[in-house]
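Have a look at these structures, which come just after this line.
One chain, chain A, links the two complexes that follow: it is found with chain B in the first and with chain C in the second.
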Partner chain A sequence: MATVRGCDIPDELFYNVDSNVWASLDESGNLTIGMTSYACSLSGQIVSYTPRKVGKLVKKNKSCATVESGKWVGPVKAPVDGEVVEVNPLLETQPELINADPYGQGWIIRLRPSHWSEDVTDLISGDVALAQFDKKMEVDGFGGC
Partner chain B sequence: MHAKPSTSWRLLDTGTRHAAENFAMNRAILESHQQGSSPHTLRFLGFFPAALIGFHQDVEQELNLDYIRANNIEVQRRLSGGGAIYMDELQFGWELYLNRKALASGDMAAIAKRICDTVARALQGLGVDAHFRPRNDIEVDGRKISGTGGYFDGDSFLYQGSLLVDFDMERMMRVLRIPAEKINHKSISDARQRIITLRELLADKVPDLGQVKSAIAQAIAEEFAIEWEATDSLNPAEEAIFHQALEEIDSDEWIYQHNRPVSEAPLIEDIYKAPGGLIRTTVIVDALKQRIKQLWITGDFFVIPSRLVVDLEASLRNTAITDLEKNVQAFFAQAEIEMLMLKAEDFIAAISQALAKSQ
Partner chain C sequence: MLITSNLVKILDGIEAYDDLDFHQPLLQRLSTQSSQCVKPIRFYTPSFKKFHTEELCSSAINKWPAVSITGPECKLQCDHCKANILKPMIPATDPEMLMQVVENIIADGAEGMLLTGGSNHRNEVEYTPFLPVITKIKQQYPEFRIALHTALVDQQQARELESAGVDVAMLDIIGAQDTITQVYHLKRRVEDFEQSLAALSQTSMRVVPHIVIGLHYGHLLGEWQALEMIARYPVDALVLVVVMPQHTDPTRMFVTPQAETVGQFFLDARKVLKDTEILLGCARPPGVSKQLIDAYAIMAGLNGMAHPSEGAISLASSLGRSHRVYSSCCSIATTEAMLTREAGHATSVSRISVANIGMK
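Let's turn to the complex of A and B:
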């Protein structure tokens, strides 16, 4: 797996670097969304998770879930427009999985993208993503995961 | 001589407001800041009597709604996290709207520390020995004088705190979910060991509110090498968002969006007999998440420093039950502590015994 400053950034995933989220399209056309390991490192141990409800439409770059760590609260932003089709049932009782396994059991939400072929052009992956994450870490003054 | 700061931030004092208005302003200023339509801002705010829960908290698990309704106290949900508090005209709030660039850091814990250190320094200037206590309190000799929390949206964030100028302890205890029969002279006195006010520290030398706010503003200006431009109203971009946000926040749908029943957060009391004395533990457990929500430890044991127990309680708040032993050991490993006939293991045993009752 590729890493940037010690943070895992799997190169097969799509990313929105500003929102610090990853996305992965499955065979049925649904998009799984999660926080990057870098986002988890910035926020610290997550203690609460509230996803938008199944059936809700979420807008690109708007909140699809809210998480809390320490006493910080913040949104996880959807990288595309879409309808919520599934929330992660494990996180209601074990929000710490977001930190422990951000690309696996700690996934945040699944959306059915409204217009994937358009929105995918806003997302990046591979070496381009790695370079942009490195730049973001520089701006954020981030020492490493 | 210091160079004159070349950067201006906004100093906004919105006076005493309903809690819904105060939190709609949180949303308005932060969203506008994120869109680039608002400057970095320090805001002072006041509340009519209100019970304020953290964003993810469940109303009925935290508050005594019968007392609240009977006493015309408002209930509101903050945008920020943390625990339930009671505020009225005897305290005020301070909040900073900045972005990660202004602090050259994206580390949320580091941001909280830098802001809290700065506000603590302002209080030191008023003759109060205030310090930041991880994760989110400003304290004086182990007693909280300011509780804080934050909300971020993209690169912009809001970090806010209360400041206890004066405080009605008994009223707070009646507002929070503490059984009425447990509120007595002794429990109020125990609670006072955890909280302190400017009034208690400075007696008749408490400066007026304007001076306290000036001290905070000045400390922040020095820390960030900026100067203030004062105003008392929102800009037009913020006003527009404010009205929409108020409609959403001033509603039962917002306030009761999290409202799991009390039965999922039992309050347990237990007494443990250790060789060094009795340890009384009261704990509220989040049964669903298997976490310690709140913890109070009292007893007739002897420890130095006496604030040790309060710090231990703070370090265990909102932690996983399965991590109890590890967390207590880590706490005792990093502190210089003198205990008579008492070991870290005694606290682990006492808390574990209470927690076992919830299973």
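Let's turn to the complex of A and C:
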């Protein structure tokens, strides 16, 4: 598992660094989306999770879920256009899973991408992602996870 | 006249409300109020919580921090809070520390602070040792505003806070003895809350009482009595908040008040306090509940709201309610003078701010 300033950033995932989200395409063509550990560190303990409903169309860089902590409330932005196919049932009663396991049980939402082959070109992964996260943390003045 | 079907049409046209189930009987009662209230509404984004929706982004970082003179500690440990609300606040547990904190936050751009602390067993926040430094702060930084949570006070204590230069006095008003005894574990009376309100009303401080809707384990009990008590005094505004079960004692059964119950209380408050500014404060349950509560607040004609959730601004616009955003605590900016000063920092909400990058 790669890390940047103490934050886990798995290098096999796709990222939108500006939105601080990760994405993973599965064999069925659905895209699982979640918050990065960096985002979780910034937000603090999540106390509420409100996803868009199954069947809704979401636009790239628009909210696909709203999360709230004691010190922050804001959107989780979809990295692609798509239709919501699944929300995480565990998070309704255990939103803290987002912080505890952001890349596993704390996934936020699953979309069926509308234009994956186009939208994927705006996502990054591997060493490029690690470098961009490091740069973002530098600009943000972030001390580390 | 805006009838219910028009109101439903408006709600249906707001994308953020696609997934919400509004309470139809309440909408019928609200439709009359909505049609009569086209007054402007103010939205507040005080900086003690970073805030970002599709409609609004709080970029006024550090303008209104919250400071606790007891740090995270509170002896009262009321069931609805268990001092959780103090935990994210900046601690300033002695006068020298408070002075340093204020100087630091002013250097960071703060224009005021919310000053509070944990209570003793009589529901009093022990400000006395801090009064000299509060006086000094106000003398050195006269434009720096202090909104202070007083808890229960007598006349002398109220006068001392006034003399120190506190701008706004806030306290929770509880109208049910059972709530005081069971939720607060307190051997005080409903009358003590009214007497505190009376004492504060006799000072030159702006008085902004709060009612915590659902304080009795998520159920409404003394809220209407609290409204009646407040109606007897010349307060500057009333702030309504809603109990948040995630902060409550996990061994006590707190339920989340139903949004429609809260919405009905907004209508009741508007009826009792026709000419008083009524604001919806920061504390309310998150998620879908918050969106519904916020929508009901706008339709019920409340005058302002902190941290409006997704869809709130669109709804206000659709109902013909002009709006501006202020970066201050809602308790501080509720008079014309304050609003005029704050207007220099207010932003129109005609643009959607995307100043936020990522989660910051």
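In this section, the second predicted complex is superposed on the first by the 144 of 145 C-alpha atoms of A that agree within 3 Å, B and C clash if a C-alpha of one lies under 4 Å from a C-alpha of the other, contacts with A are read in each partner's own complex, and residues count from 1 in each chain.
FYI, a contact is a pair of C-beta atoms (placed from the backbone, for glycine too) under 8 Å apart; a residue touches a chain by one contact, two chains touch by 3 or more.
It should be emphasised that the depicted structure is a prediction, and the values quoted were computed from it without experimental measurement.
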| item | value |
| --- | --- |
| Clash or fit, chain B versus chain C on superposed chain A | clash |
| First (chain B), second (chain C), both or neither touched by A:Arg52 | second |
| Which superposed partner A:Ser43 touches (first chain B, second chain C, both, neither) | both |
| Partner chain in contact with A:Lys62 - chain B first, chain C second, else both or neither | second |
| Touched partner set for A:Asp18, first chain B, second chain C, both or neither | both |
| First (chain B), second (chain C), both or neither touched by A:Thr93 | first |
| Which superposed partner A:Lys71 touches (first chain B, second chain C, both, neither) | both |
| Chain B versus chain C as contact partner of A:Ala131, first or second or both or neither | neither |
| Contact residues common to both interfaces of chain A (with chain B and with chain C) | 18-19, 42-44, 47-48, 50, 66, 68, 70-75, 140 |
| In the complex, chain A residues that touch chain B | 18-19, 42-44, 47-48, 50, 66, 68-75, 77, 92-96, 137, 139-142 |
| Parts of chain C lying in touch with chain A, wherever the complex brings them together | 18-19, 48-54, 84, 87-88, 246, 285-288, 291, 307, 309-310, 356-360 |
| Chain B residues within the chain A interface of the complex | 54-56, 79-82, 100-101, 104-109, 112, 135-136, 148-154, 157, 258, 288-291, 318, 320 |
| Contact footprint of chain C on chain A as seen in their complex | 17-20, 35, 38-39, 42-44, 47-50, 52-53, 56, 62-63, 66, 68, 70-75, 136, 140 |
